[in-house]
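Each in structure tokens, the structures are laid out below.
In the two complexes that follow, subunit A is the common piece, with subunit B as its partner first and subunit C second.
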Partner chain A sequence: MRHGRLAALLALAAALAFVPNVQDATGFPTFYLVYSYFLFFWIAQSTSWNILSGYTGYFSFGQGAFYGLGVYTAGDLLTREGINYFVTIPIAGALGGVLAAAVGALAFRLGSLRGEIFALLTLAVTFTLSAIAQLSTWVDGGQGISIAVPPYPSFLGEYQDLIYRLGLAVATLSVVVAFLIQNSRFGWGLFAIRDEEDVAEELGVPTFRYKMLAISVSGFLGSLSGAVAALQIGYLTPEGVFNLTVPLLVVVMSVLGGRRHWLGPVIGAVVIYSLQERLTNSGLGDWGQVVLGSILVLIILFAPEGLHERLRRQPRRAVASGVALVVATVASGLAGWGIASDWLSTGLIAGTAVLLVGRPAARGSGKRRRPLDASHAGDAAVP
Partner chain B sequence: MSTPGQASPPVLECVEVVRQFGGVRALAGVSLAIAPGEIVGLVGPNGSGKSTLVNVIAGVYAPTSGEVRLDGRRVDRLEPHVLSHLGVARTHQIPKPFASMTVRDNVAVALMFGRISKNLAEARRSAGEYLDVVGLTAHADSLPQEINLHQRQLLELARALATRPALLLLDEVLAGLNPAELDEAVRVLRQIHGGGATIVMVEHLIRVVTGFATRVVVLDRGAKLADGPPDVVMNDPAVVQAYLGREHRARS
Partner chain C sequence: MNTYLQAGVSGVMIGGLYGVMALGLSLTWGLLKVINLAHFALILGSAYVTYQLTTSTGVDPLVSVLVVTPGMFAVGVAVHWVIERFHVDELSSLLLSFGLFIVAIQLINNIWSADFRQIEAAENPYATRAVFIGDIAFPVPQLMALGTALVFAAVGFYVLRRTYFGKALRAIAYDREIAGAYGVDHRRIGMLTAGLASALAAVAGVLIGINQAVFPQLALEWVGLIFTVVILGGIGNLLGAVAAGILIGLVSSQVGVAWTPLGAPVVVFSLLILALLFRPNGLFGRLGE
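Let's turn to the complex of A and B:
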């Protein structure tokens, strides 16, 4: 069962790797490759965040630090040191892992650094890196860095095809890692830490080592994805890289999708990025932050368990949501509302709305409650 | 410091254990040796240092001075997860289940991270045995929020048992139970003891442990006030004077 899902995941990734070839054959707009790249990017970033913050419960606002470190490591090494771009990617990942381990060594040694203090510490790390990038002429110095197109093997296709494929590779790696962790002894140790850390330690979970490993994996993946993002951004500035977009969006995405399952951040990333694109295309881009903030508040109040949990617990509602998605997509397509990606965004928003509106099953009417709860309990046993 | 007539070397030995919290001396030099198979009732009024002593033995707090030995090996600087692997398990007065996991998986986690680590499938299979012992089999697939307080206390116990402890520390596991639940809990504890575990049970009320413990240790203000068989300790003038006085008279 587990191997089956993993194989399906890898098969899907392999198929997606050929989309640029399909584009060559059919000539659909390059825009869709860019759009897909951003989906991969957000999937990788929110999955990276979730391995630390979702699985262990240590809420981090420092995703921007890992991301920015990756962007600048690849950008600097490529343009200033002339190092082969494909070598800079793993270097960026490794540095992200090291930075994360340093933050972890500080935060996790002091047992009192839980909750909001941990969140603030990780945010402070982001600001510190931003200041360093701003001040150090070796990193940036404030003039910005233009990323030249690096040489790469021709079989990887056009430049946008390269970025698309690298984004896909990092997203796939992130999701596979999150999947493997969730189904491993390590993952169960992390969940035990999230639920009751002191008890986990007393029952034999080496909590310090596990938290260190989780934050390092998270930092590694976040920086790896940042290294790929450097190419897509093209022109780096400290303000553009180390702003609050990444740390805030990964939180919204993971909370919306669900933090207890590897699929949660994937679902959240797809829905939120599509929503944001839809707003931008409707000329409402400036309202994006307001909309995202409102969404975060509403989810935390009314659906803290996230979309994934709802899909799993309420099969009937999941079907209704799927129907709403298809109907809204087709309807906006027939209405000629924007382009194809907008139709899908409209569908996703409709499907999400159906999932979120109303009360979750656990609080539902008395008669239905027991069997649903029981089936949930059974499911929880097989994540 | 060992009980007379005791032949085997102690499972647990505390030597002059002191623990300070800022200026407060929670433990003021406690020495204690516990032989295999004993059931020690650790009693004393609030603030006497019972819970602190349990936390020091379980590795949650390091002693300010003094030593803790387990089977002769010094353990007072080890982390709780290492102590768990050396055979120390404890329960909490207020149950702390893993809220997102089923009752069965709560026990399975203890098995996965036990001395002999198991994979998830094996751990889930074995979890059933421990749920059987405490009588929670019917609730194996419930979430902790769906069972009552007594059942959650039994879950604490099952989880501690699943680490296969040589020394089991029970923190007020009998507190707040109704008579029927108390009988049931004592039955479970006897069964656990029959399985070979040495038990230290913290209780606020001495009366609760006299029928079950083979030895009672009374703490008062961080120091040992009395130590011996229940009937002897109960009639110790110092104990009656300092701690039991009011309550004992009131109940007899």
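Let's turn to the complex of A and C:
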């Protein structure tokens, strides 16, 4: 079962890697490649966040630090030092892991640093990095850095194909890592830390070591994805890179999708990014943040367990909303439909959202709910 | 030397403004266990209302206190009612209020645009006035901020220590169940406190409106700074919040003169990291102990 799912995941990723070739052959709009890249980016970022914050319960507002470190490491090494871009990606990942380990080494030594204090510490780290980027002329110094197209092997296709494939690779790596962690003894330990850390420690879970490992993996993946994002952004500024978009959106995505399962952040990333992209394209960009904020409020109040948990209880709804989302995405890219297609796809996504959230599961809908223990059985299965 | 002194004086007064902004946040976080990110949106909203009221009607900007304080009080009560109704815990309150925060900032952006807005000097009787002691200038708007901070911190401290309301509130903060068993109505006290905290945000907003130009992204800049003030001051410690605000203002101004204004955030956030690691209860302890 576990190997089957992993194989299916890898097969899907391998198939997706050939989408640019299909695009060359059939000439469907490049829009889909850009759109997919951003999906991959948000999947990677929110999965990275979830490995630390969802699995261990240590809430981080510092995803922007890992992301920004990755972006600037790749950007600086590429443009200022002339290092091969493909070498800068693993360097960025490693630096992200080191930064994360440093934060963890400080934070996890102190038992008092739980809950909101940890969250604010990570936020402070992000602000500090941002201030350093403003200040240091080597990192940026307020001038901004523009990234030229780096040389790369021709079999990777056009520039947008390259970005798409790199994004896909990082997203796949992130999801596979999250999947493997969840289904391992390590993941089981992390869930124990989230549920009752002191008890976990008593029962022999090496909490410090596990937390260090989780934050390092999270930082590594976040920076790796940032290094790829540097190419897509093209022009880096401290305000653009270190703003609160990334740390906030990953939280919204993961909370919406569900924090207790590797699939949760993936669902959240797809739904939220699609929604945001649609709103922007329909000329409703001014209302994008209003919608996002309202979703977050409603989710916290009515479905704090997230969509994944809810959909698992209602599989038919899951299929219906999945189909609606795919139709909406395809419709949104069809050229020539103009405003009509924008409104159509926005409407479909809104409908999907209603379908997904539906009635509060806690109240009234007792008919189809399976007992809690059954629906949670897959959550923390020991291999 | 005079540069340092003048910068220090300005820093202390700006720090007073930070203190006013931090009071409400510190109050709800420390005593109600609600981390209210929307506090910054309430401050910004009140500043915009002050701007709008003064610009449209030409009244003294201070008059808008009469409008925004009750308004924000109502908003605070309403939000806290929802938090109580849905049993939102501390961490979820952070997410919930974050959602409200981004909604509010976007609405402000849609109403007033992303441009800078400032009350015209002609309509702002305080903007250009200053008191001089020797060569050192004390701008009136900043003096008002510092004075407000000191008065509110002192009143708040007294209320928490000496009145029934304050004692009941502290009892709830220590142990809600036991306080309830002794007849303390945590709902009413909680909503009143949330309302008062939001009213403090309104006062801070009026002061901001008088002091400076406003734009939607300003609220994001406050988040890190004011959280630093609240944590350094000790969560729930009102005197501490004002003292920490003054300290941060002073440090920022001195770093700005001695090094570069860009260096101030590095120093402030490094201070925050150190404080979180080694003094998570703040420099002065929590709850005014």
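In this section, the second predicted complex is superposed on the first by the 316 of 383 C-alpha atoms of A that agree within 3 Å, B and C clash if a C-alpha of one lies under 4 Å from a C-alpha of the other, contacts with A are read in each partner's own complex, and residues count from 1 in each chain.
In this section, a contact is a pair of C-beta atoms (placed from the backbone, for glycine too) under 8 Å apart; a residue touches a chain by one contact, two chains touch by 3 or more.
All values reported here derive from a predicted model rather than from experimental measurement.
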Determine, for the superposed model, which of the two partners subunit B and subunit C contacts more residues of subunit A. C
Determine, under the contact definition given at the top, whether A:Leu120 touches first (subunit B), second (subunit C), both, or neither. second
Under the stated touch criterion, which partner chain does A:Arg194 make contact with: subunit B (first), subunit C (second), both, or neither? first
For A:Ile83, decide between first (touching subunit B), second (touching subunit C), both and neither. neither
Tell me which partner A:Leu203 touches in the superposition: subunit B (first), subunit C (second), both or neither. first
On subunit A, what residues does subunit B touch that subunit C touches as well? none
Residue set of subunit B touching subunit A in the complex reads 58, 60, 79-81, 84-85, 89-90, 92, 96-102, 104-105, 108-110, 112-115, 117, 119-120, 124, 141-143, 146, 159, 163
With touch defined as at the start, can you tell me which subunit A residues reach subunit B in the complex? 183, 185, 188-189, 191-192, 194-196, 198-208, 260, 373-374, 377-378, 380-381
In their complex, what parts of subunit C are in touch with subunit A? 35, 82, 86, 88, 90-92, 94-96, 98-107, 109-110, 220, 223-224, 227-228, 231, 260, 262-263, 265-266, 269-270, 272-273, 276-277, 280
Give every residue of subunit A touching subunit C within the complex, in rising order. 59, 106-107, 110, 112-113, 115-117, 119-121, 123-125, 127-128, 130-132, 134-135, 142, 243-244, 248, 251-252, 255, 286-290, 292-297, 300-301, 304
